[in-house]
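Per-chain residue numbering starts at 1, and chain names A, B, C and D are given in the order in which the chains are listed.
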């Protein structure tokens, strides 16, 4: 019954709780605290996050990235508004219609991804193609940073998007499932790629970066956060023992552990990229800028990899193979994957 | 900044993670596992739950009781249907309209609680008072076991409700926030007060009984569970690292720890009831049948209790004071509360 | 197959299209016009309504009172907000949960009606009884003018409500299913009992007052009307041949026909009230201030009335009998009802 | 203020009420009737429709095509299900997200239209491309008959779709905004292209075919219609004076007027097609099989047409010009359009 599996690179969702975070859970378990987020840990974690982002922002803790994205989007637009994103956006491909559900009907307007990104031109096209009452009025731009294809918007690219957003009166929501990896990649500060470039709200993931579970929604545009706590409660996203989520954040924030974890993951991706760069038949599909590597390879190589008990996803709808590296990725295990890829490629 | 508070009896939501559960979290953190519930722990926990309930039922893990109740209700009725419950039901008083939200409009039809319970007469009244198209058609009975007022439906009472449900073509959903306490109180088997008496779906709480977070939805009527996993995913209730929730359940289920934890909580409530039985001015408001004690006392006694840093709720809308005991309630701390109550009563 | 029924007083929904309105439908059918409300009739009707209300307001035409109420409420509050109204409010008793549906979860907080009305004390009680996050935050007061029990809020009563609304930061929505009857009863101007006393949005019925179908939503608080046309479209309430609805409004507005129709209906109610005032066993239940008369009578009298093919409703949940008079009520038919009531009472 | 416009071919939504229908409205206005569809007219119209479709089906009257489509789709799928349709489907392009709203989150999966149609291959592709829990499960195929591009599915094509629907366990909903035109075009019986080829529910438009307003939803799969009347009521689509809608249907159904109206419209389209067939620069974009003609022409010709006060739409997103002919299209006016097109083409 016990299916012990080896370390895999299917997703950073497979990663464990990192020790510093686990330690925090154990520690706080000795303290009594108030429930529903009125506890010291939650207030302290919120303050540390405000420190991290260098601005006075509204902080909310929820359980999943799907909930974080959908609730923040629902706060930004009504059911008869629409959301601009790429055709590989997680909110479109992997949330089972959660944005549509939580907003009670907002439509997603899709642009073809360009290296995983939304371009200003595409945004303008979608924002202006319909202005009549029979089509939901565009209201929000949703960008994923780092993108679903592992690339990272530069500060300049974000400024271009900010410009367009301002001109067409659109909000900017940022899906930060791998936000930490983007910050680590750009070697910048969190503020540099969020509110300083016009982002209204960020969904910042902890689950992928060393926590058991937990995402934080950061509203830079505080007006949009009005009554958002009620929204979370009604959505079943208000944890009674909130301290167990916020304490995990404290663990990640201390000593910039979140950045270290993300940096390690990025480094492993880079290392993997280098190691396979000379394997014939294997092509890197997209620039490796964060912690994911997408490869194109002949079908039978991928098949045989699976037979060797490697677990990985094709790109949703795009074929090939995706390998995601995490805070706890061991170089040893990466080498094993590289070894198998080399063998299969040569056979 | 650090608000250390003493052990409180405001709610079993204040309780800690019990050691066996915490141990499981630490243990499994050493294993790799698949994500989104496809892991061994989740499958094993589901099997153990099926064992516990002695029947083949569908099992789903979600984060909060609010989500559990609302999602299960939404699976049982459409937006133009209605739900029968008491006026002190948690789904009415404390979920910020979550049932209405998740069902996209189902109305709650309220009956005055009788010692916290729904009676067959009240159900019949609500089920038949309107049969025209202008009023949402009753579809579900929602009962809380143990009730919000700390009482427990007997097996006979449940059979009466089952009879009415059958006659009026209504489903039965059970809010089991304190289900463990009810089973412990009745000294019965979980099956005896669920599917054997016609309950279609149960929301069984772990959070209140020694877990960090986690509720399980148990569908005895398997038809109603069709595509329920999609519903949970769309609702942002599908944990990517599901194993951390299911592992906690494994901790609770092993050696019937769930029952022991609940029994201890009930015992502490009984102990407290006895200890204050002779204090003048303090009246026990409802029969103490699980882990809550509701007292009626002069306002200034309650006020002074608060000044002595005791934290407790009035009944939502009913005044007085509620004390809830948990798996980790220390007799010593109960004695301190009793001592203060005696002092304040005599002064 | 053809069930010809005699003139009835079950509801003003049974009334016909008044001739002036029917004439307008026939007239405009000879003109070509743009669709979806971009036609001359719709713009002209909107202007006439702004004239009638003596203010610059936003006008929207929808098909039913249920839709009008629900859409306007949804524009005023989010899913986690709540709406204060009486327990006999149409939005609670007869819209099959439409307010909950269109708002995706707003709860209705009910106060016991006092002669059909909401009192400032009750509003304050409901607005303040819960301030925590677990209960939907009150956001709107919904008052029905004329009330469901046939009474009419005086200007002074409305000012009291306005005062409370301001103090507790609540919007005021007015269900004007029988608004015309209220204006006729008070012999005032529409402005006097709407925006001048703080009403943010009014749902003004045409269907009950001589039209085939059609309601108008009047936003005095124009900010709240932002993108409301999109909301109506998404809700399936945007008529493609809108001119047929707006033209009916032109018919009603010309020469103050709406007021004449309502006055006649009120007069018939008053006449009926007088005529039955001396019948033993028949009690008038509520002050007759608009076009409805609620009587209390022994069950068998009401039963026998029905056997004489009189169709009427009991009060929803309140028993007795309700008689509603319309623009086309004939005195002759009222006399027939009075005659039967006298006979049955004496027998 | 009075913008009298000439007969236009922008849409059959611009058409008037045909005389037989108007006559019915006037006639029934002399009768009293019960409200909310309990009247004789509504029952009779429902029976006539069952006669027309030669089967025992459930009939519901609503106000708009948008509501008809969305409500029927919501009855067929839950929020976490998805709907397969073309990228030019009205439910996607022109209902402002109504399907998403009424279903509380169902996603539309789009296939590229092939002459306006959905092909079996495309359906299979969309039905199978994702089978995991993170994507809404396909549940319904929505086909428009006649299509938005004026083409008509043959019986054989519908049988192919039926086959696929059965194999992949999908329902079939038919948007019949121009259903009458399809039946007229195929010279078949309504049953031949609905339930006999597996259609579960049809939305049949009256508004475009000579009525003031009114659509009927026809459930051939009666199970799916359970409690659908409650759904309509909650959605604000239950007319209190329902007889005015059903009476219009009686007018259309008598003497097959619906078919004659549609045939005339189709004939005018064919006539127009012939008349412009030899104009240089004007291309017919799609086969003319019902009452719409889509032309491709140089931009300045289209511009100048508009300057000559011709009103018409480009295809939503596709450019060009669309001309739609109705029951009351006059040959004389078509000739005027042809004349202008010829002039502008030659200049």
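Keep this in mind: contacts are C-beta pairs under 8 Å (C-beta built on N, C-alpha and C of every residue); 3 or more make two chains touch, one makes a residue touch a chain.
As the structure is a prediction and not an experimental result, all values here were calculated from the model.
Chemist: Which chains contact both chain B and chain D?
Modeler: Neighbours common to chain B and chain D are A, C.
Chemist: Once you count every C-beta pair in contact for both, which comes out on top, A-C or A-D?
Modeler: Pair with more contacting C-beta pairs, A-C versus A-D: A-D.
Chemist: Which chain is most remote from chain C in terms of Cα centres?
Modeler: A
Chemist: Do chain A and chain B, two copies of one chain sequence, contact each other through the same residue numbers, with over half in common, or through different ones?
Modeler: Same-residue interface.
Chemist: Roughly how far is chain A from chain D, centre to centre by C-alpha average, rounded to an integer in Å?
Modeler: Each chain's C-alpha centroid was found; their separation is 42 Å.
Chemist: How many angstrom lie between the centres of chain A and chain B, each centre taken as the mean Cα position?
Modeler: Chain centroid spacing, chain A to chain B, equals 33 Å.
Chemist: If you average the Cα atoms of chain A and of chain C to get two centres, how far apart are those centres in Å?
Modeler: 50
Chemist: Give me the residue numbers in chain B that touch at least two other chains, ranges are fine.
Modeler: Where chain B meets two or more other chains at a single residue, that happens at 36, 79-80, 95-98, 101-102, 104-105, 133-134, 136, 230, 233-234, 238.
Chemist: What residues on chain A touch chain C, complex-wise?
Modeler: The touching residues are 36, 78-81, 104-105, 133-134, 136-137, 227, 229-231, 233-234, 238.
Chemist: In their shared complex, at which residues does chain A touch chain D?
Modeler: 79-80, 82, 93-98, 100-102, 104-107, 129-130, 133-136, 316-317
Chemist: So in the complex, which bits of chain D are touching chain C?
Modeler: Per the touch definition, chain D meets chain C at residues 1-8, 10-11, 13-14, 16-17, 22, 25-26, 29-36, 39-40, 43-44, 62-68, 70-71, 95-98, 101-102, 104, 207, 212-213, 230, 233-241, 244-245, 311.
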